[in-house]
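Worksheet: the structure to be examined is printed underneath.
Chain IDs A, B, C and D follow the sequence of writing; residue 1 opens each chain.
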């Protein structure tokens, strides 16, 4: 089956739909940035976007290519220092939703972005923690976005960079964490949500065109499906047009400069 | 009072072999020209500190300047890996490098603690993760009122901070605007500081009463290096050269290509080559 | 998102009997009009928090609003004593008041800790002095790296913060410029916040990219009260009325004179009386 | 003997002379503010003045009447928040000289500005600590300025608000304090400096017109004099003219507004 949209577009649209005008989002570069701005340009015009470079309530006309593009600062309500961003805004509990990617994820949405292999002698050295460990604990809830595959959706992480639901159950609460943690894992195939009891991420919606077998093949643990699994609504024309316009604008703006 | 001097003299006077050096910049205002000068002067055994080591630290690591890296995110932003950094960590080339690895919250708080002359920083963090298992500089303190355990890391007090800013006046007072990063904290936390700026002006001009300014007496040396943040950017002067970041991936992947590039573009050049990037956006 | 409402409604909805209330302002931007509204609404048993309680807290204490004062310097700046405060402490009139007394460094750090959602603040302070003997909320933590003992105080997390600022836009985003004090920290540390401003404008206008702004969603209510900081001042709007501070000494010395003044100037008035002070400097 | 200057002018001039262009001063309202600006307008044009309201490198044209006058902000290099002032600037160790007053002082220049009488039932409730305790420990050195008298220069403080030399000797060092503490106590009669060993404040210079007996009478402890006591140089014409001009300008500026 050939779809009229790409897997990345589907992930972006699904992510955008989960946001509302009352959200204050901690936005990462790439897909999260596209999703948040798509939400802002469609159903969530009041959404507040914050990038960890310190830009608060920014309304970029084109997507930033780095976490600290001048465009983010130019269109922000104000820009604060990085220490203030991490203290008063993130740790201060003023963010409702954070987006995180991972190089590896496990069934409890713990993330690894540090190393593949042993820490002291890694086969692949990844970038490291960045803001992720504290984004995961301080934001009201977390959406994780990753393309699915057995190398990234693993049974056991090589390194726990970022604590999602830990060992599941009340593990977050036992560590004194009061935020919800990962409430959605949005992939190119489906949407996972935590089981209310075990906190294992289970499939609650499947994107049009994807199958349960595909999902099983792309997951390194025995994947579970919710009792009732929805089919993700296809992207609307408005969603796709707005997203493609945004990307086209971005390419035009950045293309000429280099 | 800061002294206005040449970049060569400022680095020669400020950065010594074995120093702990923070060359900071958060996407905006990364002091590439100053880092190149450190490379040209063949500094060795540096402990390099930075929240977001990117191309400049990839270059310094690849050129063998660093014995240690204190950091929280090491990558080529929006592009991928830092290949020289990975080569050092994964294969010990040109020599092994020690890592002291943190999360952003820890580094940002540690700089602020250093600027405030505290021995450590306290914050809510590192819950449930593996980094404390491999970094003995992640410890805990207990709140004496609630009994809650919080994360603690040592304050960052580098020997030297190097940052790039927009402009300075003749007294060496430095203005930073736009994305601020941790540059003010890094300078105030360090024993010595070098600031490169796009221009030195008679007067900083009309500005907010609360403008972010580093007074001249907090800085050792101020050096005008127009374009000195390229390929990162200086707000109002020139834009980030995203193509350079993409292109760096290819250069840095290969040891020989990297060495050739460094020879042609750093070792055999001076800071004046950065001037061609100044005010490109405005032109 | 903050709501634009009348001062009466904002205070009625936000400040309850028994609350811990921080009415802040460091010489500049002291929210006199809002404090008068709290007095008019006869709030009782408040724990009042402020680094520098001056005339407004003298008035609130004298009118019996406060059960407790958390503070670091209580005086009429440049003039002398706060007589109503002294009368409460020394003679229990109109009723006794509990004191939680700190130094400025402790209060400033405690507000910052509150804004950062930490349970306590740590700083170098209180060495060799008597305050820790009379304030059980001054304790110590030990640096887990150096073994050094540092002072610790609980974070300030008031139920309500009330501050005055220059202007707000229609979304309730508030601009503060000039002497900033601890107002931003007080608002971010509090559960609820009321901000009075000189004016509400369509657009905050040209400003530094790093302007000190409290976004609308961090504030409960924004109220336009022109002149609302009088007799303190609002930078660019009107100057401090030093004569009022001098004159207050005579009024506040005497219980009857004080009560008569409060009746005539607060109880029987509304916030609109402050409007006569707006833009006096500009006139 | 009638002098051509007031006691306050003498104190101000003596205080000003102790400052240099390389100093960074934490300035209090009143006499310290007059002294610091007098120094700036005469022999120390490069001096950096910082007020605890957050104004850095301010050059007021007239003397401020409060610690946070608009004039201080208007003429400052920049103005920071009060938490930043206490963290990065004062505790950060960036101030060379601080000025402090006291309601009571003892022979080791410990200060009381909290209560007269017992803390719980004071006969006089004073304003309290303000910034003084940390100004005293974080500035490179401290000048204390107070008019002398037996009610204020006491044998024993009712309350130690601010720790000067404590019990004397190496008491500061024993508490881990590395700054010098009170190096001068400038009164209307004389100048005290700490004895190099005991750190007791002893008289090292006497103002013209004052006598040892006057000083003894105005001091609540058995006052000691240095082996060699200087006579304070009289105020120069330039000093007096500049100071009086500054006060006249200040009166004109503030007089009309109220």
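Points worth noting:
As a convention for this text, contacts are C-beta pairs under 8 Å (C-beta built on N, C-alpha and C of every residue); 3 or more make two chains touch, one makes a residue touch a chain.
The chain list, named the UniProt way, goes like this: A, D = CoA-transferase subunit beta; B, C = CoA transferase subunit A.
Everything quoted here is computed from the prediction, not taken from an experiment.
Annotation of chain B and chain D: jointly contacted by C, touch as defined at the top. One inter-chain figure worth recording: chain A and chain B are separated by 28 Å, centre to centre, where each centre is the mean of the chain's CA atoms. Centroids of chain A and chain C (each the mean of its C-alpha atoms) stand 40 Å apart.
In chain A, the residues touching two or more other chains are 73, 79-80, 87, 91, 138. Looking at chain C, residues 112, 116-118, 123-124, 148, 178, 180, 185, 209-212, 235 sit in touch with two or more other chains.
Under the touch rule stated earlier, the contacting chain pairs are A-B, A-C, B-C, B-D, C-D. Contact residues on chain A toward chain C in their complex (touch as defined above): 22, 24, 46, 48, 56-57, 73-74, 76-80, 87-88, 91-94, 138. By the touch rule above, chain C contacts chain A in their complex via residues 1, 112, 115-118, 173, 185, 188, 209-213, 215, 217-218. Residues of chain A that touch chain B in their complex: 29-30, 52-55, 65-70, 72-73, 79-83, 85-87, 90-91, 114, 119-120, 122-125, 127-134, 137-138, 159-163, 166, 171-172, 175-177, 254, 257-258.
Residues 26-28, 51-52, 71-75, 77-78, 81-82, 85-86, 89-90, 101-105, 108-109, 111-112, 123-131, 134, 148, 178-182, 184-185, 212, 233, 235, 239-245 of chain B touch chain A in their complex. Every residue of chain C that touches chain B in the complex is listed here, in rising order: 116-120, 122-124, 137, 139-146, 148, 150, 152, 154, 177-178, 180, 207-212, 235.
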